[in-house]
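In the two complexes that follow, chain A is the common piece, with chain B as its partner first and chain C second.
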Partner chain A sequence: MEVKISEQGGTMTAAFVGRLDTPASLEVSRDIQPLLDNANKTLVLDCKELSYISSSGLRIFLTIRKAAAAKGGKVIVKDITDDIRQVFMMTGFLNLFEVRNG
Partner chain B sequence: MTERHLIFHNDIQQIPQLACFVEAIAEEASLDQSLAMSLNLALEEAVTNVIMYAYPAGSDGLVSIEAVIRDDALEFILSDSGIPFDPTEAREADVTLAAEDRPIGGLGIFLVRNIMDEVTYRREDGKNILTMRKHLKQNNN
Partner chain C sequence: MIRISHLSKVYPGGVTALRDISLEVRPGEVISVIGPSGCGKSTLVRCIEGLEAPSAGTIETGSSRLGMVFQQFNVFPHLSVLDNVTLGPVKLRGIPREEAEQRGMELLRTVGLAEKARRMPDSLSGGQKQRVGIARCLSMDPDVLLFDEPTSALDQTMKTEVFGVISELAKQGMTMVIVTHELEFARKVSTRVLFMHDGEICEEGTPEQVFDHPQKTLTQIFIRNRRSLIFQVDSREYDLYKFNADIEWFCQRNHLGKKYFTLELITEELLTHFLPFSGPIHFRIYLNDEKKLAMEIEQESCSSPIVDSPEADEISLMILQGLCASIRERQEGASRFLDIVVNDVYNQD
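This part shows the complex of A and B:
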């Protein structure tokens, strides 16, 4: 699992690559600090190469979403696969995020 | 009917093994990839619960998963010798709440219940035994 963070203008993008299972999420929870620090901006969570997510991974997404709500930023979840969309739908996460595909 | 077993220590770093375990079952039962992912997810949540709650932090314990593959259903029997813990009694997440109001936890058991068709718990011979069943459609012919 890898998170690639880049910044351009007022937008910070985090590309999640691989499987966000419980042990991976423990590591990633440290990597997302720049996103939490910039939660007043637009945060794009690029999920094109995110192949799996468990509740621990969802917790990371929710943490980012809560930070943005608190600091007045915006979160866009980009290019989720059908499998991840299914998990988002099941857990009500589709209602919590602006999801953009394509 | 075939059976497969997986036994591992209560260490969260063992979780990725589940992916290989489910992959082998998916191949044997000719499951589509989407169902395989859902089963992987349900098993991860159930096993994570055991690792986090059944054994005191730092103590060693074993988690055993038995998978029974039938034509019409898959059955996963998860057992451990930890403290009595019934995940079916655990408080479930409210997935209709807004982001601001959603608690960070509680999604694990919710996912298990939603993915599996039957989830039952019993305490037997000092063990927690969680049985999860998934019905399979028999329209392969």
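This part shows the complex of A and C:
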């Protein structure tokens, strides 16, 4: 699992590559610190290459959303695969996040 | 057509591969021979073909011509595809080359490789090479075709190609004896299935009898295990990647496409948020009687509810409820069981 973070203008993008399972989530919770520090900006979570997510991974997304809500930022989840869309749907995350595909 | 009486095979060194096998192969029969590795099924067809000499008993083939297709293709690499198919007829049967080539092209059409006639085998895929192997056997006009694990060396797509050719031959009435590990294929193509164990024919019958209503315990265990993935978890230091690899392999073997995503997620959520690790945990993933994907999880040394717990993690519970059509709990002795049927909706390719 890899998180590639980049910044352009007022937008911070985190590209999640690989599987966000429980072991990976432990590591990723450290990797996302720059996003939490910049939670007043627009945060794009690019999921084009995210192949798997479990509840532990969803909790990472929730942490980012909470930080953004507290600091007045905005979170956009981009390009989720069909498998991950199902997981978002059954957990209500589809309503919780702004999800953009394409 | 073929009559085997009291056939036994003991290898030098004393290993008994076949014990007192009697079997009759009738015209038009398609017989699949299944069983665990080392049960003697390959030795049986090798004896029929004459590649192994029986230690006792007789094999009568009368005037029937036999042809054998091997796991490792057995095509001549230095001959073109067409020459592979004409060599036998020309050299061994004295058929004029022109006639042999005409017949060779017909056979290549039968196995879907006419356009590759002038190619060399090295430029073909494994599945195509195996189909050349089948055409080569057919070129000798056999009355019976014997197959020794013809698809073991092939990936799923190539297996399907070869299964297609064998099914076509079955439709045309070719008599065949097929040693295979592919149970679903055996079910579809066979008129009779033999289950071998430890050198003996343990059970035989129609595919429905052997696969759906096996009478012998050994057959029941074999069929059940072949259709199940079983793994045990002893502590929280488990190897999630090993389980995932096993799940993906199980899905591939059972043609379950992308269902591994669902199975991996259920497994991870249960291990991470629900199972108390009060003792060893046994997972069994299988296709139930309605051909639905199901799981049975046994948590040893546990007598309290696992999923119906008030402290259940909310997100994790939503995932489980979304992925599972039903989750039932039961107590058996000191073990708590979860019986899960996977939801079809999130279960498609």
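Basically, the second predicted complex is superposed on the first by the 102 of 102 C-alpha atoms of A that agree within 3 Å, B and C clash if a C-alpha of one lies under 4 Å from a C-alpha of the other, contacts with A are read in each partner's own complex, and residues count from 1 in each chain.
Quick note on the criterion: a residue touches a chain if its C-beta (ideal position, glycine included) is under 8 Å from a C-beta of that chain, and two chains touch if they have at least 3 such contacts.
These numbers come from a predicted model, not from an experiment.
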Exercise. Overlaying on chain A: chain B and chain C, fit or clash?
Worked result: clash
Exercise. After superposition on the shared chain, which partner residues are touched by A:Leu96: those of chain B (first), chain C (second), both, or neither?
Worked result: first
Exercise. Touch check for A:Glu27: first (chain B), second (chain C), both, or neither?
Worked result: neither
Exercise. Now for A:Glu2: first (chain B), second (chain C), both, or neither, which partner does it touch?
Worked result: neither
For this session: Go through the superposed model and pick first if A:Arg59 touches only chain B, second if only chain C, both, or neither.
Result: both
Exercise. Can A:Ala69 be said to touch chain B (first), chain C (second), both, or neither?
Worked result: first
Exercise. Between chain B and chain C, which makes contact with more of the residues in chain A?
Worked result: B
Seminar exercise, completed: chain A positions within both the chain B interface and the chain C interface are 21-23, 52, 54-56, 58-59, 83, 86-87, 90-92
Seminar exercise, completed: Per the touch rule, the chain C residues reaching chain A in their complex are 240, 258, 261, 264-265, 268-269, 272-273, 313, 315-316, 318-319, 321-323, 346
Seminar exercise, completed: Residue positions on chain A within touch of chain B in the complex are 19, 21-23, 26, 52, 54-56, 58-59, 62-63, 65-66, 69, 82-83, 86-87, 90-92, 95-96
Exercise. Of all residues in chain B, which touch chain A in the complex?
Worked result: 12-13, 15-16, 19, 33-34, 37-38, 40-41, 44-45, 48, 93, 95-100, 102, 104-105, 107-108, 110-111, 114-115
For this session: Sort out for me which residues of chain A touch chain C in the complex.
Result: 21-23, 52, 54-56, 58-59, 83, 86-87, 89-92
